[in-house]
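In this document, chain identifiers A, B, C, D, E and F correspond to the written order of the chains, with residue numbering beginning at 1 in each.
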Amino acid sequence: MSYTAIGERGYAAKITRNRIYELLREGRRIDGREPLEYRRITVKTGVVEKADGSAIVSLGSTKILTGVKVEVGSPYPDRPNEGVFTVNAELLPLASKSFEAGPPDERAVELSRVVDRCLRESHAIDLESLAIVKGEKVYMIYIDCYVLDYDGNYFDTSVLSAVAALMSGSLPKYRVADGKVEKVEGERIPIPLKTIPVSVTIGLIKDMLLVDPIPIEENVVDTSIIAGYTSDSVVAALQKNTPGFMPVDLLKKALEIGKLKSQELRGKLLESLGHALEKQ
Amino acid sequence: MVRLIDENGLRIDGRRPDQLRPIKMEAGVLEKSDGSAYIEVGGTRIYAAVFGPREVHPKHLELPDRAVLNCRYHMASFSVDERKPLGMTRREIELSKVLREALETVVFLEEFPRMMIDVFVEVVQADGGTRTAGITAASLALADAGIPMADMVAATAVGKVDGVIVLDINEAEDKYGQADMPVAMAPRLGSIVLLQLNGMMTTEEIEKGLDMAGNAIKHIQQLQIEALRRRYHIEAGGEEV
Amino acid sequence: MSYTAIGERGYAAKITRNRIYELLREGRRIDGREPLEYRRITVKTGVVEKADGSAIVSLGSTKILTGVKVEVGSPYPDRPNEGVFTVNAELLPLASKSFEAGPPDERAVELSRVVDRCLRESHAIDLESLAIVKGEKVYMIYIDCYVLDYDGNYFDTSVLSAVAALMSGSLPKYRVADGKVEKVEGERIPIPLKTIPVSVTIGLIKDMLLVDPIPIEENVVDTSIIAGYTSDSVVAALQKNTPGFMPVDLLKKALEIGKLKSQELRGKLLESLGHALEKQ
Amino acid sequence: MVRLIDENGLRIDGRRPDQLRPIKMEAGVLEKSDGSAYIEVGGTRIYAAVFGPREVHPKHLELPDRAVLNCRYHMASFSVDERKPLGMTRREIELSKVLREALETVVFLEEFPRMMIDVFVEVVQADGGTRTAGITAASLALADAGIPMADMVAATAVGKVDGVIVLDINEAEDKYGQADMPVAMAPRLGSIVLLQLNGMMTTEEIEKGLDMAGNAIKHIQQLQIEALRRRYHIEAGGEEV
Amino acid sequence: MSYTAIGERGYAAKITRNRIYELLREGRRIDGREPLEYRRITVKTGVVEKADGSAIVSLGSTKILTGVKVEVGSPYPDRPNEGVFTVNAELLPLASKSFEAGPPDERAVELSRVVDRCLRESHAIDLESLAIVKGEKVYMIYIDCYVLDYDGNYFDTSVLSAVAALMSGSLPKYRVADGKVEKVEGERIPIPLKTIPVSVTIGLIKDMLLVDPIPIEENVVDTSIIAGYTSDSVVAALQKNTPGFMPVDLLKKALEIGKLKSQELRGKLLESLGHALEKQ
Amino acid sequence: MVRLIDENGLRIDGRRPDQLRPIKMEAGVLEKSDGSAYIEVGGTRIYAAVFGPREVHPKHLELPDRAVLNCRYHMASFSVDERKPLGMTRREIELSKVLREALETVVFLEEFPRMMIDVFVEVVQADGGTRTAGITAASLALADAGIPMADMVAATAVGKVDGVIVLDINEAEDKYGQADMPVAMAPRLGSIVLLQLNGMMTTEEIEKGLDMAGNAIKHIQQLQIEALRRRYHIEAGGEEV
């Protein structure tokens, strides 16, 4: 059961909305950014050695920790030659007044599924190369995203965090000897990635678009769209979220903006990852 | 490798790329709800029912300036090939949210402060496009319940199979195709109220898909209006049209 | 924890109760029926092709959809040569203002268990003929009843719906070849039934009995009894439900009435099923 | 095939068809509840406790015209042969409802509007007839708590084994027999307050079973009254009778 | 999420606290006991024949039933040659107004874990002798404690109850024949115990200590400590519970008191068990 | 059999018995909470955040005479060697209670009647001593949030390995050692606020361990104060010290 969120839009929000709109028309944002400007990205990898890959990615003050854990298990019967991965996301209550302790609510479920969609539909993880013994033993990759500090836009930050954890992570190596799968101690191989998916969240107020919204903006946008792009700028995932009308022409414009911003974000991620991996 | 488009450009169920599956709709099929609808799109079969506006329960969800709209998208255990376990899956939780947000867009919630409107979508058989057929039925049920709306939402999914953009993909096309893009629109306003994409499409393909969906959705809204008209005549004149 | 139901009986209910009682004494019901008259039964089978059996049965406006799904699994250790079946019932919130979304409440659990009791204790399903390989592989039949529209008497309607789904359903055929169980594509066999259980719900107000109550009656009866009968008119299941006294002599009378009504209902079901199966 | 009735017409535990197992009952066995009871029927052992009338918690369950009666039937994990998993099974949920409805029948709830009465039945060992022994104990605990009732409910199960109608069936008779019919009555009113049947009996057999149960229940109520009397004397005179 | 308990300390409690403190200074308790005096212990064993061990232990009016159930299962991979045991405790709602129906709350979880700690860390159960076939089949012992009547100090009473159930219980005997594990009907062996752990709960009000608190005392103590001791008077488990300061010197004093009281309690338990086992 | 103390009396990570692992602390690391802290003790890494004093939610938990303090100790799935299942384990539920009780001891709850203070402890990596590092971080976060306290709690665990009492045991020492005794104190008051023991120690060994812990905890409190001072200077002077 999905319920209308309390306080999603109040009277005070209307005044804020007008103010934000007027600023947007002047090419400005409430926090000083331009409409199509992302906040600063920082990337720290290798933050949890017990994980097989980990990263904290910040977009402004929003901070998301992803850990990757690898196990060996059985493939799905209908995909016997492929590895398996699972995404989970949690909105930790320490990250924001608006998150509560307890089982994942619909926002956390949506976040998990959108991150999963960006990774899965872009074929980012090369699942076929994750089979250890075809039809019997495959790598199972658990990707868990925890929102540590929430200042808006958990979608894009989570995707960046998950990708950073995967790119900086690695798999234990297994050898098949006498029909038995055994770990090769001390040897690890990279997690095979075929593309680097990045999502771009675009908000709409009347006829104006903005990217990477902060909570005060999230509360007043007419609606928003999350678009996931592959390295080749193909769209692999879309999710309209927030109630509200999205005119078709503005959507088309948003997708073009998303294409450019995704390239920019991917560039910054790779640059940061380079730095981060050097440090590590 | 399944071939989804044949040498004549036709799809596995014989349709042209821009062709909808047969659609059947009926309003007022359930007596005990305030509004209801039944829809068939190909093998997909769905009931929707609406309760309200009524008092909010539990009380603390009440909003002072408008109604709360609740939505539950749920599948019968036997609606899919492999029996679905009882209880709500993560997929059902997500789709309940997405459907709620789409319906909130068009319902005039401000007219019913401190009230609640419940929308229930029950998938009886899933053959592709359940969320889009579901929202079409839900919108019809809302209209049947007399809930005022900016427009009656209708929906369909476009997809990409064997490199071709096709309308209203069925289950096999969803499973073996390259992309599935469910779209719901408020057709008279020309605006999207629900949009998702699973799979890879270029922005050009998405644009083409949206145009295709837009036309189909206008047609589907006509079917909704006809269903309402039939329902109205039955109730008014006491006889089927 | 079972709680006294809110509003199960209020002050207004007392007036209604008197009115209903006075009518019963005149041989009438509030909806025009006679005390021992069922509402109209309609049966539609084959409504869900993905199920191995399905039916929508209506009793007046009460409408219940049952789907049967068949899997192959292991038998219970203490019944190695028997197939397995499971009944579940859900009071869908779209069916009535009085049903809520969420896990099954005690009413839904009771309904599941009463339907199960009618089928199991009457030995309706021939479990012994559901073993594919004795002690190893058996048919597992899942019978799921969903209340779509609720206008009273979900017990009798669910039993009719479950039986209609079973009678119109079929099992995939399996062959054992080289010790392996494999499906014989395209061939199906009927679900083996040994009797056709039917339940009759009888309400009591003071000294008057009525069958197939609608909600306004359910709310004011002193108590009620659900009785399940085999084709041979043996009682296979009883469930007193609703708080209240049931004098022994009225119970005895109720069971005799149930016997007759069950035969009548079974006749109508079979007739409708004939029509439905012809159509299908 | 287990043989449940021998050539002398006696049952596997040596009883005649119309013979009860040994019954032990005690009221006031737990100090911290407002009323309590312990019962043994053969190997079946059960505690029952009553709290109230007290304020309703959670508040929204409160009724303006009478008390709410709550009931929980619960089995210890080790009470059965195969360890029962923790948490409430569907069987326990159903029996909680059935027991509640039976007790609601006799308790004068109208005397305590906006109040709550809680009844807890804890099965420590299950050897057949736990719901009937449970309601007998619960009723005794209600009396011990001084809750006014139209009659003190007592109960037993009749069954059919090897074609014979027998009283107070034990676990083996329940498992291998043909039918189990738990019956609870308000014996002074001659009315049934709980009735279920698992298994096949003709209406004639049911009638016979009900008569058998009716007599036994009158006897069981005597045992309840004696238990209350013992409890009363202890408290009044300070010494065991 | 752990919440401050409602009514844990109110205004009225302060008056009671002073009264209890003044009594303690005079060497007395509100129920007539001395500060370091336990209530009367009674032990009944063999109360549930379907269990492999069972006991009801009372400390004053607090009454706790423990049942032990034995199954055969697989060992943990990291302890292939050891049996397994699990402790669960439930605060049954029939035992106290302050307990609620429903899944175990944090008090019940803490109780389970403290009982487990006393048994596990003292190595009371000889897990190595619980392997039936090393690395494959081991005894699995389920110890379930149910609080039947609650008049304070469920910790000590539960440990006594669990130990009494284990000591009076027994294991079915298994034989390995042709690589198969089979039960030897009619033969049973004792549950192998290496020590008899006993816990002592000590409350603190200002500078005074008391043992075996009743609820009125539990509500006003500054804090309390539960200490589990082996037969050799080694401490095997500690749990400070109840918010409040525990000065180091008072803790040291408490542990010495605990040592003496644990010996006393163990003596009484063994004595009672002797009687109980004779009766059984 | 793992040997945990070598011939020179040093531990597997080279420490002396009374030596702490390297500790790093920082206050104010999360922006959206009212107070926060990050701590590293060896490989153990923990975030803590505090919200409040704020209105109580849900309302019925409100207390008339003081604030409610809530606490959640939670571990990330990947913080341990074997992936921890999602949801709260029994261990996490117990530690949440133990941490709450320790913090309630020092926070002046009476100053905020009808309010709520939430403390969240998130273990990012567990390498022994997570509850003690967690409470140290939680206490620092409370100070960062400006919540008045009788003292700032600090904590460490002592243990017994190869018969030697050692300070601040790491994961391997916890696993293969003989005892683990987490201790949290209000050091200026010389009082214990959290104490547990898993494993066997004589009362003399416990006393020795408490003395060892007491000294270390004073040192850890100094590190907390320094962290607060750094945080204060940054905010006041706008530059890092």
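Going forward, a residue touches a chain if its C-beta (ideal position, glycine included) is under 8 Å from a C-beta of that chain, and two chains touch if they have at least 3 such contacts.
Computed from a prediction, not measured in an experiment: that's the story for all the values here.
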Exercise. What shortest step count links chain B and chain D in the network of chain contacts?
Worked result: 2
Seminar exercise, completed: Comparing A-B with B-C, the one with more C-beta contacts is A-B
Exercise. Among the chains, which is located farthest from chain F on the basis of C-alpha centroids?
Worked result: C
Exercise. Which chain's centre, taken as the mean of its Cα atoms, is farthest from the centre of chain A?
Worked result: D
Problem set entry | Chain centre separation (chain A, chain F; CA means) in Å | 31
Problem set entry | Chain centre separation in whole Å, for chain D relative to chain A (CA means) | 58
Exercise. At what distance in angstrom does the C-alpha mean of chain D lie from that of chain C?
Worked result: 27
Problem set entry | Distance between the centres, which are taken as Cα means, of chain F and chain D, whole angstrom | 51
Seminar exercise, completed: Touching two or more other chains in chain D are residues 72
Exercise. Hey, what residues on chain A touch two or more of the other chains?
Worked result: 1, 101
Problem set entry | Residues of chain C touching chain B in the complex | 47-51, 54, 61, 63, 65, 67-69, 71, 88, 90, 92-97, 101, 103, 142, 144, 146, 148-151
Problem set entry | Residues on chain F engaged by chain E in the complex (per definition of touch) | 61, 63, 65, 67-72, 90-91, 93-94, 96-102, 104-105, 109, 179, 181, 186, 189-203, 206-207, 210, 214
Problem set entry | chain F - residues contacting chain A, complex | 30-33, 36, 43, 45, 47-49, 51, 54, 72, 74, 76-81, 83, 86-87, 118, 120, 122, 124-127
Seminar exercise, completed: Given the complex, residues on chain C that touch chain D span 1-4, 6, 10-11, 106-107, 109-110, 112-113, 117, 121-122, 223, 225, 230, 233-248, 251-252, 255-256, 259
